[in-house]
Amino acid sequence: MAGLSEEARAKLRKVSTATLTTCLLRRGFRTRMMTDVRSAGPANRMVGEAYTLRFIPAREDIDQMSNYADPANLHRRAIEECPRGHVLVIDARKDARASSGGDIMVARLKARGCAGIVTDGGFRDTEGVVATGLPAFHKQPAAPSTPILHHPQDLNVPIACGDVAVYPGDIVVGDSDGVVVIPAAHAEEIANEAWEMTQYEIYAETRIAGGASLYDVYPATPLSRADFEKLRNGKP
Amino acid sequence: MAGLSEEARAKLRKVSTATLTTCLLRRGFRTRMMTDVRSAGPANRMVGEAYTLRFIPAREDIDQMSNYADPANLHRRAIEECPRGHVLVIDARKDARASSGGDIMVARLKARGCAGIVTDGGFRDTEGVVATGLPAFHKQPAAPSTPILHHPQDLNVPIACGDVAVYPGDIVVGDSDGVVVIPAAHAEEIANEAWEMTQYEIYAETRIAGGASLYDVYPATPLSRADFEKLRNGKP
Amino acid sequence: MAGLSEEARAKLRKVSTATLTTCLLRRGFRTRMMTDVRSAGPANRMVGEAYTLRFIPAREDIDQMSNYADPANLHRRAIEECPRGHVLVIDARKDARASSGGDIMVARLKARGCAGIVTDGGFRDTEGVVATGLPAFHKQPAAPSTPILHHPQDLNVPIACGDVAVYPGDIVVGDSDGVVVIPAAHAEEIANEAWEMTQYEIYAETRIAGGASLYDVYPATPLSRADFEKLRNGKP
Amino acid sequence: MAGLSEEARAKLRKVSTATLTTCLLRRGFRTRMMTDVRSAGPANRMVGEAYTLRFIPAREDIDQMSNYADPANLHRRAIEECPRGHVLVIDARKDARASSGGDIMVARLKARGCAGIVTDGGFRDTEGVVATGLPAFHKQPAAPSTPILHHPQDLNVPIACGDVAVYPGDIVVGDSDGVVVIPAAHAEEIANEAWEMTQYEIYAETRIAGGASLYDVYPATPLSRADFEKLRNGKP
Amino acid sequence: MAGLSEEARAKLRKVSTATLTTCLLRRGFRTRMMTDVRSAGPANRMVGEAYTLRFIPAREDIDQMSNYADPANLHRRAIEECPRGHVLVIDARKDARASSGGDIMVARLKARGCAGIVTDGGFRDTEGVVATGLPAFHKQPAAPSTPILHHPQDLNVPIACGDVAVYPGDIVVGDSDGVVVIPAAHAEEIANEAWEMTQYEIYAETRIAGGASLYDVYPATPLSRADFEKLRNGKP
Amino acid sequence: MAGLSEEARAKLRKVSTATLTTCLLRRGFRTRMMTDVRSAGPANRMVGEAYTLRFIPAREDIDQMSNYADPANLHRRAIEECPRGHVLVIDARKDARASSGGDIMVARLKARGCAGIVTDGGFRDTEGVVATGLPAFHKQPAAPSTPILHHPQDLNVPIACGDVAVYPGDIVVGDSDGVVVIPAAHAEEIANEAWEMTQYEIYAETRIAGGASLYDVYPATPLSRADFEKLRNGKP
């Protein structure tokens, strides 16, 4: 699996999307959190490279359920070709009037070792999708059959998802707040920075629980920073 | 209980609304899944004939809380007259700024042996509504008193609910994806077809879990179909 | 803690927002339930006086993350100055494109003995916010950093939150249906009235469970009222 | 033409919907102005009794273009049966994804001496509709054929239109602000009151143009009221 | 100019989008009228083949105003390469928070002999856009600079615009109701059919103006059809 | 009139809001154009300093029509105290369910020499508002009386309007695209820059009309820039 180091991947699994948006803002990125995209069930952490599928609206004479018997169908190909460790990200134009995929497709992604699935539309068989255990993020459940609304047009091109530009290979991270997309070139650096911030946040939370005020620890002061470093280095 | 056979009712309790939308699409029905209607708590399966209540907007001089003391009040009558096994479906014009009903009303429906309640508005006392155990589907919680917003106008006439036409006696099915409405004349046939499809889907899921690809089993191929039939008939 | 008696506070903890909207409607208040504000996790009951924070939109040259290091920052001051037993209510203009606060801030409110936090925007680190155990109500999760969208402008002035006017000192009550705001001058009286209504509702629910109809018990009839009073006074 | 006197009708043609909402508020009516309903072209004043048509959502097997050849079709009957001087008000569930009527239908209403047409959906052939000269109010243009979306279900029953309850015979008034619905029983009285208010407003506008302040004339003061009465009675 | 005959083009200029949606529905097309796309000024009739531009969301490090100095910029190329007689159709994801183009770009399209421009986002300098005289359809004015929101990604690929699938070469027709997209293969036939329908509609309007009822002429009856044919063939 | 020089004011009257958003973006301002705020009639150019009024939601016991007889009423005071040459900007929380002001109030602003009025709610008596000739920008017409929805809370404090932070004294500019707010400290400089850009745009439009391509003139090239300067300096 190219791109992201295992260390960065491991760190990203332990930081929040909120912390990542702060790291991104420091680099001038204000628009990297998807709008109206949330976990289909209780949130699982998700980290992986983006592999994309672009839907356009269906046309009645082109889009039929029978298309799914065709091995060239891009919707099926997306499921079978999304690489291990990657997240399948679907541009569904924020439209959940019909399905972006169902439990069997998601189960296959899981079986193939993919890291998750994201759509700005909706899944059908939501209960089954959640039961697969694969991190799955969408707008809302969407039972009706895909060809009523969506035509799979392209694999692995730059897309829109939840108002965010997603380029193939971008790092996609999800948690209970939703999904954030990190430009590939920044991912290693941001993984480290976010991990560092998270260590401090854990320290701050402990201090708050112990009665410290925001002025004492959040954001960090020179004093709290020094205290944190001391503790971290095992000095009492 | 007229209309639906017990066998069809039992089958419909074991199939998903997603599968039903596919059966409906095969018959040309594209618009039978309600929009923005979901289970008020963890989803219970719901199946029953539609019994309907039509709200129109309240008018300040006509709609008062005191109306509820009148035995002729159609909101109370709907609760008391919805037949056993039926689902009370309320046309609330997709407006959840005030309540379509609360926990006491829903408890009474449950006690009377009704199968569920659906509104495209909202319930109040959502916690209490969920605690009754009756399948209950709405748009979102809606605490304010009904007469601020809704006037009960008709019992058991054709209505709109969640952008779907609901005729009295239509078969209403709900699960975690939401609510689908099957025209009465198609219900027996669709119950059988959906049940058959579901058996195959269970087979396909098992195969996917065992490493099969979508190309192998979904949609069915002549080979997978034969294998499924063989297994089903108990031949190894 | 001024304003609300401990008895009224205790009663308000045991009544629903739905019942409160009915008490309010009797006094001519139709618009005291917030729109699109719900519990960030499984709903905790919340009761407390309103302490308010007014956000206006951010301006790129004024609003920077570095502002949070300034002790004069009103967002931090709101957290540190909201009195014990009070609810911090934030006017975020119903905009959840960026955060109204995160888990560390909420943890501090909790540590300080506040009763809850409400915004018509969204929290970041939703999982962490819920983990603090403080009742927290918002529109939806909102990971991006606050200064992208919000500028803290005023402390404890009258505000809008979820389309409701909130005056400092109003009594704010939350449950699974959402958040209602009781004008301070009416709070004692309404606490008593709602508590009385709730006792009757518990009686009615028991009767409904035992097979009574709505006509028998809901709304109350002279007969059911007498029966209720008899039971309440311990006469068989 | 029953119901409204010719004098009241004439007065209502010369007052604004804004003034009428004030008269309605004085009588406790807060919800009589339609939401999202506006003139299809440059606004013509419209006054007339409501004659109503209720749409429900279309169902693919019931709603076909060929239905329009049937004389029993309620959409055509509504156009042919709406009485002279009346306004045809259509409950289209605020849905303008397909047409509530087009230029030929509107031309026929005009030819029959009706006073206007209102829908909370949309017209097709908007240019043609406007060209008929009949006051026509809708949400937005809606070219697609009616049977894709709407099924005509009832004639002249109480309906919802633009979130307002419309009872047959209510007085419907439209101008550039939109459409207001006056309960029939209040129409004569409100026509007079609004006409009186309008005379004063014309006086106030003249005074404002001459340099008076709001404190001088708006709302009326005892002094300005006396001055107005003097002028009105022809005393210099 | 390939594709559409001059005769079909001329006919399409004289028929309404409403009539075209009826022709499309007869062929099973229910979803070919754009949603929320309307003329930027008083509506001009527009007919032409689709030439498409696909925007994805901007990314702060990629999208800068300075990109427009680059001859490879696809936004500028779209304007310079859209063929004569064609309509430039832009997929702006229904997002009008920033511009899809301004008056200078539209003036250049006009100078190059193009037939129109359509976006499901918005134009800036709306007044200037309208002043060019080129038919221009959008959602609403959108002054902010394009690179804040949009990145031009592809030229002349299948896109979504206003919820409609637009394939390069489809025939795009606009009027005061909005914009309809005719699949290229059906355009000649539909042009003829719509033109025929329009002749009858003109006849029906004349009859309605003369006092005929809908039952007499709309939809056509055998009698009215015969009368129309007679008149058309010049027989009195 | 403090703040803006007469020269800057004159220049701002001749530039578009689109050009101003470009100048603002160069300085890092991405969020200074109001959303969903447009001219109430055919657009008049508007330029002036912001004088603000903050509404909060009405409360039934506090907000009565009779309040308007009180000279302390802030809504009336806003009209009487907004300085000459200034624009009254109203924070109506983007809510147009009731009026932000009507024709008499707007006429008084006009008579007092103010430069315009802006609300992110709506005006009543829209026709009358437009007839005053004062530039007036809102979301949509809103006939119902103000006290149903709005309580005037503050004069001339920082507010939100159409999602933009407006500080008293900011420069507010409106045209057919809507309303942009320039931070006071940047106004002189931006007036000059926008005026320069506009001169070049006029040149570019002339060149485009004469057959030049975007590559020749837009954005400016060294060649086109030199040509423009030459023409401007009157050298043929």
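Per-chain residue numbering starts at 1, and chain names A, B, C, D, E and F are given in the order in which the chains are listed.
To be clear about the criterion, contacts are C-beta pairs under 8 Å (C-beta built on N, C-alpha and C of every residue); 3 or more make two chains touch, one makes a residue touch a chain.
Computed from a predicted model, the values in this text were never measured in an experiment.
Legend: contact pairs of B-C compared by residue number with A-C, B-D or A-E; the interface matching in over half of them is A-C. Taking each chain's centre as the mean of its C-alpha atoms, chain B lies 40 Å from chain E.
If you average the CA atoms of chain A and of chain B, the two centres end up 32 Å from each other.
Between chain C and chain F, the centres computed from C-alpha atoms are 37 Å apart. With touch defined as above, residues shared between interfaces to two or more other chains in chain E number as follows: 30. The touch graph of the protein chains shown belongs to none of the named shapes. Chain contact summary for the complex, chain B toward chain D: residues 27-31, 56-62, 93-95, 151, 153-154, 157-160, 163-165, 183. Of all residues in chain F, those touching chain E in their complex are 16-18, 20-22, 25-26, 30, 33, 35, 38, 43, 175-178, 180, 201, 204-205, 208-209, 211, 213-215, 218-219, 221. Chain B contributes residues 65, 68-69, 71, 76, 79-80, 97, 99, 102-105, 107-108, 111, 124-128, 140-145, 148 to its touches with chain C in the complex.
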